[in-house]
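Structures are listed in the sections that come next.
Note that chain A is present in both complexes that follow, paired respectively with chain B and with chain C.
Showing the complex of A and B:
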């Protein structure tokens, strides 16, 4: 059975691009357009991996990542960050959230800054999911 | 009535990152989430004879907005804030209203918005249109026209204009929710010359005493919540006197309520909050009546 990959992304073009890469490489894409919908889909679909954007309406990828990694039942789902927001900002924001009393979270499996080449994304997916 | 989520509307001509950062004092009052909104006006990308829909132009404008919002968002994310963004095509006011509803924001921050002369004559300015149609508090925030700078923290010293209507109570509740972000509140009520002119000296003194009593009661409520509050009774034209009070007490922002008048009634009889929102150089926080 094909592995399920949840892509949380508000930009339609990027969603289409990622879906195409996923399908071409034998994965089943599940799509969500913001962090709120993303968390709902995580609960419903239990994806094998999440590709996560950061700057989105309703709930950002930064908050969603923090929620995932501080939930014992979800923290082992691998996450690839795919965003135009820099990795430095992402790591600092996670530190800032930790300062407010939450537990420390690990770094994501991969951090890709947009734009990403399809073969680079496919290779990272293969490395993580096999 | 807490302010945890703020909508920051920018066309990148009037409000920039420094304006946004000057509002970060609101974090002391509970603000933890900022939502950016940029509306690409429909006419900028609309169908044109011979060219069709300007898809390439739309892509360019979206990309420009995206780059700017990412830069702003990075600054806020690093401070531990939650940030979201909407880049949409359409008309400004309806889009502000729909994103406000969709995101459930507690405060809308926008610059003063004008329309073409003819359109303003029939429909009023976009600012008035927004104030008429939203039930959420709106902060009309502009760069001071002369200096091109924003104050460091507009919430530091407030001039709270009260007319004893139901909306005044809502304004007071809203100011109380700003605890932590506000240093001082000057409360003002303006009596009209007309009302005083018809009264005998004794009656006028009695009226003055009544209004002072009410002002002191509001002052007590704020003082109990550890605000530094001072009452002021002014007399004359409301809009002018509020402007005068703002200048005399060196406030950083004016806070007013709006009554729920019908569009036509408001356009003919006028509205102090709308008039000040259109003209004041200071930021104006307008807290609308709860229902429209």
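Showing the complex of A and C:
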């Protein structure tokens, strides 16, 4: 069965682009347009991988990432960050969040900066999901 | 040691000459002797003695004649006349000719000594007087030069001052009017100095205060710098900063002075500063646009990719989807560029006959799709009395488009759950040829801090989705077209932006 990949992304064009890449490479795309909807879909669909944007209304990718990685039932789902925010900035944000808890949050599986080449995305998907 | 005063003896009698010479030489004088008038004059020229003793009655040139000659050569020489019996008339004449003293023959030692002493005293006094006079003349000359120098300096000060300096006498007639004043008031000096009174030159408000001061009627306080507009000779309004003073002598008013600073340059620089601040903000905008443009690029790339995949697979649905992505992002670029241009250029309004209500419809049509995607209702409330007017349609379009775009984003970014979002655009024709445009929404609203920031520089709460430019452009357009913009907002309860723009009656084509 085709692996399910959830894309949480507020920009409609990026969503269309990512779902096309996913379909072309044999994965089933699931889409959400913000962190709130994203967490809901995670519970409903149980995706095999999450492609996560950072700057979104209602609930940002920073918060969602932290939620995923501190939830024992969800922390093992591989996450790829896809954002216009730089990797360094994102990692600093995670450090800031973990200051207030005990859990150390692992780095995401991969970090891609927008704009991303379809081949690069496809390669990482293959590496993680096979 | 006593200075050797030079002495000349003129007497035709050799014995007298000998006796006097010996006696006076032993007293320490430098003595020369002559036997007659001519010889005496020649010796006088040669030796320049300060004291002369001369006999009156002599053959050839007599003593009187000698006296005259000597006085011609040196009016200060002390000439003592040696008189004999019967010389009274001559003696008196000699006095008139400025002889100093008399010695009667036979000459007694004591008399001689007294006469010489007196002569020397007179010489000393004359010398001192001359010194004082020379000194005095020198001092007066130096003082005069100093006065002149200071006067020159002050004149140069007044002339070279860029500011206007206008001084009057106690009647208010103008006595000083420098180049700076010519530049500000426009009148040449020849028309002003001693020809015009401040009643005619100064603006009325200042005149009244000066009059009160000159006539000592009250406490005229002109000293604080105030801004005042001067109407120049040619009618030009010159902004100036003014300060003045009443001038007092010992106890009376002697005149007044006014200083005017030309603010034209300052005002011009202030406008330049606003312009360059705006340009600088554009630079800030460019930096802040990085994320925004990245997203657009991503959209274009993505659209091209999707389109290519769809063409490979003959997937019509995906072809449409890919193409829509490209179209949408081209639209976003176009919008961004237009906003940047509108922001950084000074634009003269270009009014034409147009229908503002139609422009509102155009704007609504443009954002229709985006609104529908996010379940936002677009409402219109258009004044039926607002028909054809003479206004700048592009200005209205851009200003409203930015506001409506922001209103839609305010709804999208509103985190309140399950709201029925709406954006309302309203027009109304008001009195005094004003149109009112309103763009209202019930989205996330703004707190006081945000409200204060939005008009001052590019500021966005939309993260990489916003540039902060739209509102600044709208405000600039509104100002350029002679209008005003206002906002009312409450956090969580939406915002209402109101624009008032003047219009003219539709022109006959």
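One rule holds in what follows: the second predicted complex is superposed on the first by the 129 of 130 C-alpha atoms of A that agree within 3 Å, B and C clash if a C-alpha of one lies under 4 Å from a C-alpha of the other, contacts with A are read in each partner's own complex, and residues count from 1 in each chain.
The definition used in the following text is that contacts are C-beta pairs under 8 Å (C-beta built on N, C-alpha and C of every residue); 3 or more make two chains touch, one makes a residue touch a chain.
Because the structure is predicted, anything quoted here is derived from the model rather than measured.
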Checklist line | Fit or clash - chain C, chain B, common chain A | finding: clash
Notebook entry, point to check: After lining up the shared chain so the two structures overlap, which partner does A:14 touch, if you call chain B first and chain C second: first, second, both or neither?
Noted result: second
Margin query: Looking at A:75 after the superposition, I want to know if it touches chain B, chain C, both of them or none. Which is it: first, second, both, neither?
Written below: neither
Next item on the list: Answer with first, second, both or neither: which of chain B and chain C does A:96 touch in the superposed model?
Entry: first
Next item on the list: For A:3, decide between first (touching chain B), second (touching chain C), both and neither.
Entry: neither
Margin query: Let me test your reading of the model: by the given contact rule, A:118 touches which partner, first (chain B), second (chain C), both or neither?
Written below: second
Notebook entry, point to check: In the superposed arrangement, which partner chain does A:86 touch: chain B (first), chain C (second), both, or neither?
Noted result: first
Next item on the list: May I ask you to decide whether A:62 touches chain B, chain C, both, or neither, giving the answer as first, second, both or neither?
Entry: first
Notebook entry, point to check: Can you tell which stretch of chain C collides with chain B among 205-213, 331-339 or 367-375?
Noted result: 331-339
Checklist line | Intersection of the chain A residues that touch chain B with those that touch chain C | finding: 55, 57-58, 84-85
Item checked: chain B to chain A touching residues, read off their complex -> 35, 66-67, 69-70, 73-74, 77-80, 82-86, 99, 102-103
Checklist line | Interface residues, chain C side, partner chain A - complex | finding: 291, 294-295, 297-299, 301-303, 305-306, 309-310, 318, 321-322, 325, 328-329, 373, 412-413, 415, 463-465
Next item on the list: Sort out for me which residues of chain A touch chain B in the complex.
Entry: 34, 54-60, 62-63, 84-86, 89-90, 92-93, 96-97, 99-100
Check: Which residues of chain A touch chain C in their complex?
Finding: 10-14, 16-18, 20-21, 24, 55, 57-58, 84-85, 114-116, 118
